[in-house]
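Both complexes shown next keep chain A, but they swap its partner, so chain B is in the first and chain C is in the second.
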Partner chain A sequence: MTDMKHTDMEEINIATDVLVLGGGLTGIKAASEIAGSGYKVILVEKDAELGGRKGPGTLVGLKEESKGLQDLEDKIKTDSNVEILTQASLVSAAGVTGDFTARLLKGAEVIEQNVGAIVVATEFATGALNEKYGLSLADNVLTQSRMDELLASESDKEKFANKTVAFLVSLGQEGNPLVLERGLRSVLALQEIDGCDAYIYAGDLKVASNGLERMYKESREKGAVYFKLTEKPEIVENGKTISFFDSVARRNIEISPDFIVVEEEMCANHLNEELAEILRINVGPSGFLQSDNVHFFPVRSNREGIFVAGSTREISSLPSAWTDVENIAIEVKDLLGDGKKIVAKNKAVVNEDKCVICLTCYRCCPHGAIYWGDKKAIISPVACQGCGICASECPMDAIQVGGFEDEDMTEKVKSGVVSGNGTPRLLAFCCQNSAFEAGEMADMFKMPLPEGLRMIKVPCAGKIDLDYILNAFVAGADGILVMACHPGNCKSENGNTFAQWRVNDAYRMMEEVGLEKDRLCFVGTASNMGSGFSSIVVDMEKRINELGLSPLK
Partner chain B sequence: MIIAERKPFDEIKTMLKDYKKVLTVGCGTCVAVCLAGGEKEVAILNAELNMARKIDGNPIELGATTLERQCDMEFLDELENVVDEYDALLSMACGAGVQFLAERYPNKPVFPAVNTTCIGANKGVGWYEEKCRSCGNCVLGYTGGICPVTMCAKGLYNGPCGGTDRGKCEISQDQPCAWFLIHERLAAQGRLDLIMEFQPITAWQNQKPRTLVQPGYEKKKEAG
Partner chain C sequence: MSTKNKKVMVVGGGIAGLTAAWELSRFNIDVELIEKTPFLGGYAIQYCCKATDECRQCGACTVEAMLKNVVNEPKIKVHLATDVEKINNSGRFSVDLKKSSYQPVSATEGVIRGYSKNNSPLHVIVDKEKCEENPDAVPEGAVELDTMGFSGKLDVDAVILASGFQPFDAEQKGTYGYKKFPNVVTGMDLERIIRENATVVRPSDGKAAQKIAFIQCVGSRDENLGNLWCSQVCCPYALRMAETIKHKNADAEISIFYMDIQNVGKNYAEFYEKCKTDFRFVRNIPVDVFPMENDSLSMRYMNEEDGLCINEEFDLLVLSVGIMPGPDNNDLSGIFDVGLNEDGFFAGIDKLNSTSTLKGGIFLAGTVAGPKDIAASMAHAGQAASEVIKHLGVS
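== the complex of A and B ==
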């Protein structure tokens, strides 16, 4: 982001211990992988035992794998690089990547740990859906989780010998491959029991996941019967009979199963919200810990050094959660290295004389990169992404972003207001991630661009100060464009939103002073919108031509 | 801290209409923290004034400076060499700062650019809530840390009154009853006996300006 050749660099020391939150199978794997790269890991689990929900959805019918999992758990228990804290929870996490101070509560004891990175590895939660089918849980009506437990026990398993088991899948909710996978694993396990028959009543069979199609076929070949339905079958007397009208056979098909297994919904862990608040990371749809933003790599949160694995961020099967964990291990290594980091000195600099520690920057930073000391706000050079939202919000102009200092920007605004033979003087503040590239593309491909247009590059639309806009008008600009990324597409999460708020504020002020609001325009763009850029600025010039030149010149 | 908000632009514009060269003076303490009168707001207000006066065909020349605090003479002294260049001063400080600035430079017209709202606390970015009326007789020790003078519509030192309505004040369902909250907090802390303690009426002292000398500084004040 900053030009390395012209930037002073410095070496800083960072903490290299890693905190893993959640001692389920995802957390165990994360501890093992990260400790394997040579970092000390503190693994925190709220329950008394590691392993979490070991059975559900992941293990049934996979004897080999479950042995491997037990081995893995045993391995980290003896690994001197892994410290395991059970019945413990995170209370607070101050600081930034490379220097988090995590306070953990274990019983009455508060344990403080200085860590460089944090991995959140909560497992998904399940919810019974029997009511969706008008069923009450009973000896013959089981949730998928209950079924998993029974199948995991050699003695309980036997009760399914010579019985008929019906599964209800994806008729009570929009299907999900993992919901189907859990059902299929149970079916395959039942087929190993003498005389056990399985019937599956399903809506859409979602097999878009590794090995699912194979499992489905295998179960069919072994005799499982699938009924693909468009609506729920008729269920009488809490599962005594299940029937539906088969439109091909043109008759009612009725079965009296001994057991009914009802699918479960899978949702975000209830701990997520609390953890998000403590860690200051974003909560996305349905309580998973990642907001919808195309710029986030799969395992990254909005804060540098805080990673989200597997079902923490979306419903994940064990293999995909573990893929996340492997990616996190690489990211952690990349981030923490050997504990020494070369960082730019001027990424974002706080002027101690000006800073009044009003906490505005701390509250506005989308990356959680700011904290404060005795005399001023402190911006972590490791966590800072250089977006400049803080600098533009600072009421004392106490923060300067490398390459985009206020003094230079003011000069650029002034010199950018130029007339091309009496044509409108247009200034476009362009986010370097989108509009600036689009503008360069438009220029390179010789697309029509107004003669009086000048682009001013900003690191993010969040760095477009309100006074830049107003002073551009003072300097005589006839029209100003604030060009940000599309909604939900900002690398800094809400830099475009801040820019939009400031434009709205500017509209209010333009109204107060009597300047036509049409002279200012906020637009969302993307970097590949060369011709879009061209048409936006050409339209703007047209609009200004209709209004006439600025009364301020 | 002291909370303030920018005055309506038209009011500021009207106050300054006869002046051609004005120095806008920001204040780097409370009003900077509450995003009303720091360096950034000085720049924004100046830009706005600049535009408006140009459009009106009555251009204005504006200077900008932000002092550490306008409620300390030593910081106001910093303007000594520049004040003469201006026809008027526009202060973005609270009422105390504006008056002190006017007192320090009595020959210059001084105008306020903000309205001083209250003594309050920060609830989020740009979001403040009044917490103290500076009544001069703090009872927070008896009221579970909830100020009845600020929170109660009647400012009662002994409450609640008959207008308490299931946790709300009779003036509005959006307004919690201060004394209900006080009761809840004291009860939760097992200190409910405090609510029965009678608080003597306050001689409202804010009829005339109050002065305060911190203990230990009296002698120093006398010595000048």
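== the complex of A and C ==
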């Protein structure tokens, strides 16, 4: 954090208990690791028992490890640092990072807990996809889960002796390595049974996980037949026959299997949406609780102190959920420490005299860092990321961001408008996470840059006030660039969207005073785009040269 | 327990090593980061941004951010151009380091340049004679490779191996004509081409490429080579770069030759659908490439619809090379006494914990333990750091 000028520091106390939501294997592991680092953990599970779904679907390929998993579960029950609440659920979570007040409902009882951090560990849900293939579940039409169950029992297994089994994979959905692994393991298990033949009808084989290509090869060597298709085969009479046209062999290939195993989809837990609302965290693609933003990898949410593990954030195998948990363990340790935290006093501060409690900042803060005091909004120095979105949105100009105070910024805008020997005066407002880095790279790598270009660093494009843009034009800028992160890459989720809106406002005002629209440009940039930065600003200079210098100067 | 004097050596300064080092430094642990080349960042620091009108989540920019964290962190001591020579384990590990034998493949004008503004030094002189001939071409602040590197001893409490991977050497598949025909490039080359030029140009004439083919699984999933793994990253990078090219040049005609397309990003189904409307997918891996007069390439492959072989001409051919075990894995396995798996990557203790090894105090992070993308390498490094912290009893 070398960029910030936070000279004024203070020590504050934060709560060090941790709430873990979800008592499946991932939640248990999280509780165990966090308790292991000396924090008290409240582990909340909605069902009567811990352990969650431990079906063969969750533990694919983890036979050897499953003993250890049982030990872990037994251990957690006797861990004095872990309080287990079963048949309980979260109803509200007020406050901010380091000081959340969670209200939990267990039966009719409401339990209040003050916690410093929250870990969400919900499991994925599965769904049968037989309808996608026009099949009804029957004695001969099995879901993958049913197949897993049958294969787990020595007596049921015998059912498949001298039978033909067809698998349908990645044709009813896009699929993923976990779905494929379940199928492959069944195929390999069937090949141990006398006279059992396996046929696999597959779209894209999702082999992008350790060991799957090898399993695929092994099953082929043992006689499994794979038909790689781009669309579903024709299935008649609920699976009596399956056929497709083989374009290479130029003939129809038909088989009559005794059993059909249909893939299952794995999707987000239905509890996620409600949890997201209570916790004020963003929902990502397909209902998983992490937006698709690389800055949150692996386990962060948009709120500091709320972490997402395993299948809460994407479809996860148990090994990757374990990786998540270890990452959460160190995040929690780093955040909570010994309960005393040194924080910058001036990260973002509300001026009590100016605040009229309009709620604007509370609503727009992407990190949920604002709460309410007696007479004003209060910004948590632990939760705040210093993006400055609130400062630019506050109608009363009541918020100042450390290192980027209004006065300084006004001065920087004025002095940033310089003439490069008659070349256009260009001002680029650059997000410090992306465009500013790219600009420095272009400079260091001696890529072409206009002589009259100056960069003004902002903590996030969301800090760029409409005033900055207008003042720059008044100061005589011939062209202005607002350079944000690409949509979907903003560390503060939507700082770039705020910047885009303000640029649109500026366009309207420019039109009123007759200033050409081309003098202002909004563009997405990434930190590694040195050459991209160079070509964007050189293009801008070209355009301004065509327009001529600013009529306002 | 106190964190005083706890020191960890991280071998390899790619994204995994950088992440591990930085995570450890957050807990007041001293880190000695050993990198054999003159630059930090590994392969991933060389990649381009693959955004179209939105971020495509390739993760390349997070490597820049992590590199910046590391170079600004005083608890991390970086040793560039340095190799591990041997290690003794008697309670703590005692390590002998030596100047690395690193030699760059090519260096125009005797100087090589780093990839990021956070690489320091940014310019390294690898051929003094060449530089003396043309001193004006030597950038200010350039450092001689000969003067870099650290020879000496270190005592550390734990080791994280993060020496990474190597991209498949496409010359091994001779019929594609890599290095023979200028417009046959690898995915790695394409990453660099886009990063350097902000657009795709043909190496032969610097002109925009119009008709482009990607061949997937080059070196991976290949029984003849005995490479029985999916590299996991080449479908994502190929499709993302193809989308970037298409975004800049809507007329570009792009074909993807593939066996199976792996998921790209969290929104994979939607992304794949978009790709299917933007590109032509051909489920066949071509074998032979022939040069044409205009430096274009003719490729022979089997048409899916009728099973007949056809020849087609392309401006640019991209070989989607995969992730192979690192070139030093055998040596490092010997030095650290940690075993490799059947594919030649380092082996973790079990499936749930692939960062700890059978050797107490030695941990793995990133692609050294098998194919991973940037995000997974970072997560793996975080896991390794967590295991190290537990091992050292740091709180």
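Assume the second predicted complex is superposed on the first by the 426 of 553 C-alpha atoms of A that agree within 3 Å, B and C clash if a C-alpha of one lies under 4 Å from a C-alpha of the other, contacts with A are read in each partner's own complex, and residues count from 1 in each chain.
One rule holds in what follows: a contact is a pair of C-beta atoms (placed from the backbone, for glycine too) under 8 Å apart; a residue touches a chain by one contact, two chains touch by 3 or more.
The shown structure was predicted, so the numbers you read here are calculated from the model rather than taken from an experiment.
Participant: Touching A:159, do we find chain B (first), chain C (second), both, or neither?
Facilitator: After superposing on A, A:159 lies clear of both chain B and chain C.
Participant: Taking the superposition as given, does A:531 touch the first partner, chain B, the second, chain C, both, or neither?
Facilitator: second
Participant: I want to verify the contact counts: of chain B and chain C, which reaches more residues of chain A?
Facilitator: Chain A has more residues touched by C than by the other partner.
Participant: In the superposed arrangement, does A:327 touch chain B (first), chain C (second), both or neither?
Facilitator: In the superposition, A:327 contacts chain C only.
Participant: After lining up the shared chain so the two structures overlap, which partner does A:288 touch, if you call chain B first and chain C second: first, second, both or neither?
Facilitator: After superposition on chain A, A:288 lies in contact with chain C alone.
Participant: If you stack the two complexes on chain A, which partner ends up touching A:210: first (chain B), second (chain C), both, or neither?
Facilitator: second
Participant: Using the touch definition from the top, say if A:354 reaches chain B (first), chain C (second), both or neither.
Facilitator: It touches chain B, and chain C stays clear.
Participant: A:414 contacts which: chain B (first), chain C (second), both, neither?
Facilitator: So A:414 meets neither chain B nor chain C here.
Participant: Please give the residue numbers of chain A that touch chain B in the complex, ascending.
Facilitator: Contacts found on chain A: 354, 356, 358-360, 363-364, 393-398, 465-467, 470-471, 473-474, 509-510, 512-515, 551-552.
Participant: Which residues of chain B touch chain A in their complex?
Facilitator: Per the stated touch rule, the residues are 9-10, 28-29, 32-35, 38-41, 43-44, 47-48, 50-52, 54-56, 66, 122, 124-125.
Participant: So in the complex, which bits of chain C are touching chain A?
Facilitator: Going through chain C, the ones touching chain A are 23, 26-27, 47-49, 51, 53-55, 57-65, 68, 72, 113, 116-117, 122, 195-198, 221, 223, 228-230, 232, 235, 259-263, 265-270, 272, 283, 302, 304-307, 350-355, 370-371, 375-376, 378-380, 382-383, 385-387, 389-390, 395.
Participant: In the complex of these two chains, what residues of chain A are touching chain C?
Facilitator: 2, 33, 36-38, 61-62, 64-65, 68, 173-174, 176, 204-214, 217, 228, 230, 247-250, 284-286, 288, 290, 292-295, 297-299, 314, 318-320, 322-324, 326-327, 329-330, 333-334, 433-434, 437, 440-441, 444-445, 485-489, 524, 526-532, 534-535
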